[in-house]
Amino acid sequence: MDIKEIKSVIEGLLYVAGDAVSLKELSHVLSIDESTVRKIVNQMIDIYNEEKRGIQIIEVNSSYQFCTRPEHYEYIERLVKPQTRQGLSQAALETLSIVAYKQPITKAQIDSIRGVKSESSISRLQEKELIFEAGRLDSPGRPMIYCTTDNFLKLFGLKNLQELPLLQEAKEVEES
Amino acid sequence: MSIKFKLEKFEGPLDLLLHLIEKAEVDIYDIPISEIAQQYLEYLDYMQEMDLEVASEFLVMAATLVEIKSKMLLPKLKKEDNSNQEIDPREELVQKLIEYKKYKEFTLLLKDKFAVYEKVFYKTPEPIEDYISDFTSITGVSADLLAKTLNTILQKNSTSSKRKVREIHREVYTVDDKIKEITRLLVSKSVFYFEELFNEQANKYEIIVTFLAILELVKRKHLTVEQNMSFDRILVKRKKQIS
Amino acid sequence: MDIKEIKSVIEGLLYVAGDAVSLKELSHVLSIDESTVRKIVNQMIDIYNEEKRGIQIIEVNSSYQFCTRPEHYEYIERLVKPQTRQGLSQAALETLSIVAYKQPITKAQIDSIRGVKSESSISRLQEKELIFEAGRLDSPGRPMIYCTTDNFLKLFGLKNLQELPLLQEAKEVEES
């Protein structure tokens, strides 16, 4: 298979899957090593962006997925039934950002940072599959610990946790 | 000094305190505690006036603020390690505020990202099982196979089927046949021109039968016809889903 | 919107829909007249084919839909776990061929042509959305009549029913 053919197959695979397809799966299906597949997909991502194609490829934790472009929002919304896209409340967003930056973290630690009980925010975020119970801490009471999901990365346009935006001061520290 | 509060929802006592500190434009490391405590209590009163439920965390913070305020009035305590440094009663609160402020800023950054990616759509994943089973069912299946299959059946059951086949023979046009034909077309097409119903070689008899069939279907309210002017093309439209 | 942008939006729309989108819907969503949209989509169909893209656009009864390329079948099959192959049984195939050519047709007529009861085949074909109940015949007993669906056309690669291959007997009649 030449590279053009490989790209074509990958396009078909991503379309059928709809969901994210891991680099591992792609490599297995194509019988091509992961680093080559990664290179090819990265090329595809660039081409799709350069050509301003109607679909783009996003990467989430070494998985790839098609999605539409934000700038086509109004047209697509006209076609699909108005989605009940309930945004996140301020409380839920606060809780989420604490989990994102401090994971793994217990409920008590979240409560302490926010200064309020975060129980309802936590269950809301779990419902929305943005955080999950990643196990229990090996300490008195064996409290549950929480981490963010791949779905969180996807909805916030992050490839991985290293891509979390840094605060100005944190950036300055890194640069110095 | 009193502050006019607008009905704003604070996510907790730390959120409210930060708001008051920012509003007063004071240094977070050197909070004028009695002033801020005063405003904080005013806000709680205001919440009660508005009949809002004041969460217990707000009350605990109020007590903490009052405690800090009173400690500030007492002679300063030295730190336990005898380093001669004085303990600032505000220190713990300040640390909490700074930590909280950091995550509040993170929240804003995430919110910006979310605003972009919220406008992105994903395809619902294919019901893969259906997809694959349908997919496999067409491997080895083709339209030609359909024709072959039917031919075989017709030959096999020649006695009974031949009669059936003659029944829908096309050489003689009947209004009933035409109605069936049009009904079949209507399933897949909601709008077509009258002349699409027969080919160029159609004889007068077929055209007349077709026209009668159309009239019958109009009567049955299955379709409507439109013509802009005399001798213009006749547009036939399906009236409703045939059911 | 320039034509490149329109193509890009159409690509996004077809991707999100997954299913077929009618020319009418596209025209409505884009606020562009149907004949222009049709021209643009036809251009897109050509480009996708020329570039041997991994997805192609197929037209079924003035609706458009993305699908993968048949030549990529083995990769796509490898991506999804091996499924129990459920093709069409001989009985179902027979029934389908009768409905395809003789529609609209009643169950009694199908039974009479096949010489056996076709009930289970009919419900299987309905399940697979290859045929549907198109109404009732205006005759004693008001029997249900069956027709093939757009899905049938799609699976058999037909644009419309006129594209069905001619039957032996029909050919003879035409030739005579």
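As written, the chains take the letters A, B and C, and residue 1 is the first residue of each chain.
Here, a residue touches a chain if its C-beta (ideal position, glycine included) is under 8 Å from a C-beta of that chain, and two chains touch if they have at least 3 such contacts.
Since the model is a prediction, treat every value here as computed from it, not as a measurement.
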Seminar exercise, completed: Ranking chains by how close their C-alpha centroid sits to the total C-alpha centroid puts first chain B
Exercise. Which chain's centre, taken as the mean of its Cα atoms, is farthest from the centre of subunit B?
Worked result: C
Seminar exercise, completed: Expressed in whole Å, how far the mean CA point of subunit B lies from that of subunit C is 28
Exercise. Roughly how many whole angstrom separate the Cα centroids of subunit A and subunit B?
Worked result: 19
Exercise. Using the average of all C-alpha atoms in each chain as its centre, how far is it in Å between subunit A and subunit C?
Worked result: 36
Seminar exercise, completed: So subunit C residues touching two or more other chains come to 12, 15-18, 76, 80
Exercise. Hey, what residues on subunit B touch two or more of the other chains?
Worked result: 121-124, 126, 128, 131
Exercise. Once bound in the complex, which stretches of subunit B touch subunit C?
Worked result: 121-124, 126, 128-129, 131-147, 149-151, 153-154, 156-157, 160-161, 164-165, 168-171, 180, 183-184, 187-189, 242-243
Exercise. Which subunit C residues qualify as touching subunit A in the complex?
Worked result: 4-5, 7-18, 21, 25, 28-30, 52-55, 66, 68-69, 72, 75-76, 78-80
Problem set entry | subunit A to subunit B touching residues, read off their complex | 15-19, 65-71, 73, 76, 80, 85, 87-88, 90-91, 93-94, 96-98, 100-101, 113-117, 154-158, 164-165, 167
For this session: Spell out the part of subunit B that touches subunit A in their complex, as residue ranges.
Result: 9, 11-15, 55, 57, 61, 96, 99-100, 102-107, 109-111, 113-114, 116-126, 128, 131
